[in-house]
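Have a look at the structure that comes next, please.
All chains are identified by letter, namely A, B, C and D, in their written order; residue positions are counted from 1 within each chain.
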Amino acid sequence: MSIAVIYGSTRENGNTEWLTEEAVSGVPVEKFYLREYNILPIKDERHTNAGFQEVLDDYNHLIGRILMHDVFIFATPVYWYSMSGTMKLFIDRWSQTLRDKNYPDFKESLAKKSAYVIAVGGDKPAIKALPMIQQFQYICDYFGMALEGYVIGKASKPGEIQGDAKAIAAARQLRETLLQHL
Amino acid sequence: MSIAVIYGSTRENGNTEWLTEEAVSGVPVEKFYLREYNILPIKDERHTNAGFQEVLDDYNHLIGRILMHDVFIFATPVYWYSMSGTMKLFIDRWSQTLRDKNYPDFKESLAKKSAYVIAVGGDKPAIKALPMIQQFQYICDYFGMALEGYVIGKASKPGEIQGDAKAIAAARQLRETLLQHL
Amino acid sequence: MSIAVIYGSTRENGNTEWLTEEAVSGVPVEKFYLREYNILPIKDERHTNAGFQEVLDDYNHLIGRILMHDVFIFATPVYWYSMSGTMKLFIDRWSQTLRDKNYPDFKESLAKKSAYVIAVGGDKPAIKALPMIQQFQYICDYFGMALEGYVIGKASKPGEIQGDAKAIAAARQLRETLLQHL
Amino acid sequence: MSIAVIYGSTRENGNTEWLTEEAVSGVPVEKFYLREYNILPIKDERHTNAGFQEVLDDYNHLIGRILMHDVFIFATPVYWYSMSGTMKLFIDRWSQTLRDKNYPDFKESLAKKSAYVIAVGGDKPAIKALPMIQQFQYICDYFGMALEGYVIGKASKPGEIQGDAKAIAAARQLRETLLQHL
């Protein structure tokens, strides 16, 4: 079992990364920081004659590497009650990969993967991030990918997450689960 | 009462725009097509010493113009069960405007506005777009802005929305409401 | 196509009934007012040796009659952001019917039916009744029953629903749909 | 700080009670098993001339005792993706207490309390019980009561909850929180 951590945060070493580290410390993972890549907004060309045109950014290379893993951990700060725009740009592009001849088995491939979400927000995330969790579930359902769990932390200022005992306990519980499945 | 329609679609004359047109035809509105603007992902610098750095894109000009209106209609296709990345990039940047000295009254200003959402999706949007509606509500709640209503349409291929009698009826109902409040 | 309207309200001729009447006026339906029946809370005996014991109330007779229809319209006031307790008692008992030898095809039978929800609430139901709609969807998903639509009205005092133009338009739209499918 | 555990389960020593016990073992609490009380469905008489009529069941006595506590733990099995009908009957009656001259400060009283939800379901409760959590949040919001947290466990057959390490960890975390606040 091979694990990709997909980071949607826009600052380094923020609360989301700290909490995620609690979940993956000592677990072999490959980390992808989406902010380090140039990912353009999707342009919906599903229904044009020519279909999707090649986009000259880092997405195709990135998705290729991520797909080599069996488990995806989506680690995102909660921006305006949903995933960061940085994360959303990445996921929106999946619509293009679904029609990309270079990835003829994209959907089938995702059906075999499992996913986790780790999210940190500042405004009552235990309640207000739930729609985002439901959206991740719908995304997973679309592909037949199993959403195995999620951890929601509460923090805003740098370091604040270290006071969220509940989230830390949940992250450590997730770590045990990941270690058992290695 | 002055109305801004904020379009998050990435293709021209798509289903979202068609349905929105049902709601605003004959109503004086200013239309903003986010895809025509260069809006970069927010970089979270809330907690750096220097604070947010100026970003050289079209956002600041755009938000200035949008803020001149009293009513916002967010018209977005449903991409992966939430607003388009294009729309999300725009809204994420509000975190920056909240701390922008050029907009000292941003929050108070939004508290006086009202909002509507028009969304079109292909995969059971009457159910699967509801988390997105809840997120728009949370966004509005944050500012004290009134989310006055929403219309959800079902369509995927170009033109398909014209067969969604339920959404068309709701859009026309919204149009009557807008006309009454002019 | 035969339609059962299942009323969960506890007062006669209330807002929920008025709105539902907009949707079914002139449509042949059989109306079931749950308040007129004695339906006891389920007692979870799924895992006892003896299984569910017969309950001497009106439920079994009622479910038998309702099952003779093809379409269920659940018409419920929104009590504390979900269906009325009266409606919930009725639905909870489905767990018993699922194991009732007199209804060996209960699940398969429901899989062939379609459902609508009509709900009226007083406290921002367009947003705060959405979790209830999601629950009805999950219930329908369990059985493979199609949740074809829902109408949410806003009203509290008697008669107030008559001012909710949006809900009335949606109810009339539903009526057209029902008439087309007769 | 005084704690009331309000049980909505209909069988003794079920999974919900077991998980709740993990959260309150060694914590002084008063336990209320709603199934042991006769609580009738509310009859909506808010708008009749005479108002709510006295109901001859156990509710009034029960709510009086529960209100003597500062913290409410709602412990309910997930029946059809929401709280048990037994729990719903209890909460529905709050509409009556809100207008009961014997409880003139009911709303103000609840505003000072805090609440937790412990729920156990069999069908993907980590996702499918979220609408119920949102409903509890809305209920708490109505009164200004703080929903401090929730624990969701997965189990169906008797004893199965003992294998849900994630829920057990969360329940124990809640126990620490409760002990700290005593």
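Here, contacts are C-beta pairs under 8 Å (C-beta built on N, C-alpha and C of every residue); 3 or more make two chains touch, one makes a residue touch a chain.
Labels paired with UniProt names: A, B, C, D = NAD(P)H-dependent oxidoreductase.
Everything numeric in this text was worked out from a predicted model, so none of it was measured.
Chains that count as touching both chain A and chain D, per the definition above, do not exist in this structure. Two copies of one sequence, chain C and chain D, touch each other mainly through matching residues, since over half of the numbers at the interface are common to both.
Spacing of chain C relative to chain D, judged by their CA centroids, is 24 angstrom. Centre to centre, using the average C-alpha position, chain A and chain C are separated by 38 Å.
Centre to centre, using the average C-alpha position, chain B and chain C are separated by 34 Å. The multi-chain contact residues of chain D, meaning those touching 2 or more other chains, are 130, 134. Taken pairwise by the contact criterion, the protein chains form one closed cycle in which every chain touches exactly two others. Across the whole structure, chains are in contact as follows: A-B, A-D, B-C, C-D.
Contact residues on chain A toward chain D in their complex (touch as defined above): 126-127, 130, 133-134, 137, 147, 149-150, 165-166, 169-170, 172-174, 176-177.
Interface residues of chain D facing chain C in the complex, by the touch rule stated above, are 9-11, 14, 35, 41-45, 47, 77, 79-86, 88-89, 91-92, 94-95, 123, 128, 130-132, 134-135, 138-139, 142, 157-158.
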